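Working notes for the structure below.
Labels for the chains are A, B and C, by order of writing; each one numbers its residues from 1.
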């Protein structure tokens, strides 16, 4: 599998295995992301995409193999230390806290490095959030909650964002809006690893796509090759 | 002219004051229990023993090192809180993944060990602690000893500061968020295990501080917290553990109800809180301020 | 004969010859507490409900027995019946309220009710407060045919009561009812969706457990001839939890083993005063940290692991 020429990758995953209790979910995941890239993990339900993100973050039951960030090994470290290296995670279920209001939710993740967005910048990106900053986090609409979940990890100074299905269950207008925001974040220099079911959405934003099946990466397609590989990708994803 | 059902005002207000003081202890203790339960998923049965340790720490500090009450009010909770931190690191943290029942049994066992050792060393008859504020005010309808007035105000202030710290500060936001979803909070870079340890230490410290406040009013004895913690469990069932303000309000109200019962029907004063608990279970099983979790 | 039946047979023979080698009053006390622990364990081990106030059933039944036999001068059979019915009635009321909350709240509620009963016992005239009921006469059983003044005779009566009580527990666990209860413990929402009224099953288990605790308490009053505040205290509620825990929660024989261990320990440590509490507490801590299956449970697990799966 050929990877575009790049200097030291920002994130390098090699032979990653992960377990939830007795069940072995990841069977040796290999892939890497260069600084400033936007890469997606594609695959069917249950292929192991979410588990890959959670394993990078260190919040699975047990993991083995190697995950290096900026050349530093993270396997064996607890998730709070991994986050401090500059990786931020936006979970599929969004994880908005009901006992915190919108602004408290935004301010919750601590700043781990300089270079993050300021609160004002985040509000400029998501004006709805500012209007509702005193509301209980879980009282927002689905789209607003998704924006809150993305917004709150932009403040921390993390350079790698792990986004798990940010468009799931949202109206087309909002999906489009989230697409614009993700492109803006890429322009600002964020490196993004995106898990998506919605291939058409993924195709509009990503530089490269990795295909995950049965806990392994089985193929890689660059944005330039997507057109020719459409048939192959559709077969992988079963669409 | 001011007589209610044949009860003299001094008796009525005297009992109400006692009720308020008891209520202050119920509030402080149930608050600590609720905060600890939120983070650790453990009902801290050792709470009564830690309250007693607070009173003992103040008494020993005074007797052995001549440390005055006001210094003990700060020192004793720190000492007892640190002992709590050690217990959490050594024992409690190893059982969070188990059923709640085991935390209950473990802390019950710890309470037996602690209370047994104090009883063995100092016996079960109490020792007096001199009141740090002498005198009182004659309010016309009753005599208010200054120290007792101070206890009510201080306990209320401590409760409100705790409420503020949890509901309005950054650390409190971490705490609330970690109560909901500790995994995600940790994945944001917050050291949740340390937060849990701190929470336990602070919860225990609150119990110890209540113990210091109680020392000049009650006798300092090994078993002073044994029955109290059982009443506080009833308070927690009545209020539900979902709300900090709920714990405070429930604690003070039940103290007052107990005081009123002492005036109007003394034989029931020991049991009235349990009767209230039975009624609340009938009408609103989740507790007055509780959400069903 | 299976290993199990051999073990049962050996246990029965031991039980029959025991009073020739050991002090009968000790054996009778231990049997009462074994039944009590078995009744508690029925609730926790099989219905998943941890009562932390079981002494209220045991102690109240002891008072009822004493009152019926001493104050009313009635035969001990009626005293035992009063103990069982009293325990069941108290179980019905407190259980109906306690099962409205689940998990750890259930334990706190039972504990609180037991404390309320304790305070009532301090005040009510028929319990004689701090003194308790002393000198309850050992009247003859079976209308005067069976005198029980001899500890030796009484031992066999107590053994019969114990076997009857434990037989009830065994029958209950292996009845369809017990199976439903297990299903509820493992997955309450699913059991409810299958049409079982979980609360009714739990309440019945609670009442049965209370009634058998009552039987144990009344028998204890018959043996030791007194009923005091200790019998309704929170300390005893904790002790019965300890007995079941030491022996093994959810095992049939665990509570019996646990009761004998704890009672023996108390006999030997009686001279150490408050230190008994420290040791009991330490046992709680050690078991929760390291031997959660209890003695019988750990041995059974070891036995299973030792032999190849089959």
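Here is the rule we go by: contacts are C-beta pairs under 8 Å (C-beta built on N, C-alpha and C of every residue); 3 or more make two chains touch, one makes a residue touch a chain.
Remember, it's a predicted structure, so these values are computed and weren't measured experimentally.
Think of each touching pair as a link: the shortest run of links from chain A to chain C has 2 of them.
When chain centres are taken as C-alpha averages, the shortest distance to the whole-protein C-alpha average belongs to B.
Between the chains B-C lie more C-beta contact pairs than between any other two chains. On a Cα centroid basis, the chain most remote from chain A in this structure is C. Here the CA centre of chain A is 56 Å from the CA centre of chain C. Each chain gets a centre from the mean of its Cα atoms; for chain B and chain C, those two points are 32 Å apart.
With centres defined as mean CA coordinates, chain B is found 45 Å away from chain A.
On chain C, the positions that touch chain B within their shared complex are 50, 52, 97-98, 100-101, 103-105, 107-109, 111-113, 115-116, 119-120, 122-123, 234, 238, 241, 245, 273-278, 280-285, 287-289, 292.
Those residues of chain A lying in contact with chain B across their complex are 57-59, 78-80, 82-84, 88-89, 91, 95, 97-100, 104, 107-110, 112, 153, 156.
Of all residues in chain B, only 43, 91, 94-95, 98, 100-106, 108-117, 119-120, 124, 226-227, 230-231, 233-234, 236-237, 267, 270-271, 274-275, 277-278, 281-282, 285-286 touch chain C in the complex they form.
Chain B contributes residues 170, 173-174, 176-177, 179-181, 183-192 to its touches with chain A in the complex.
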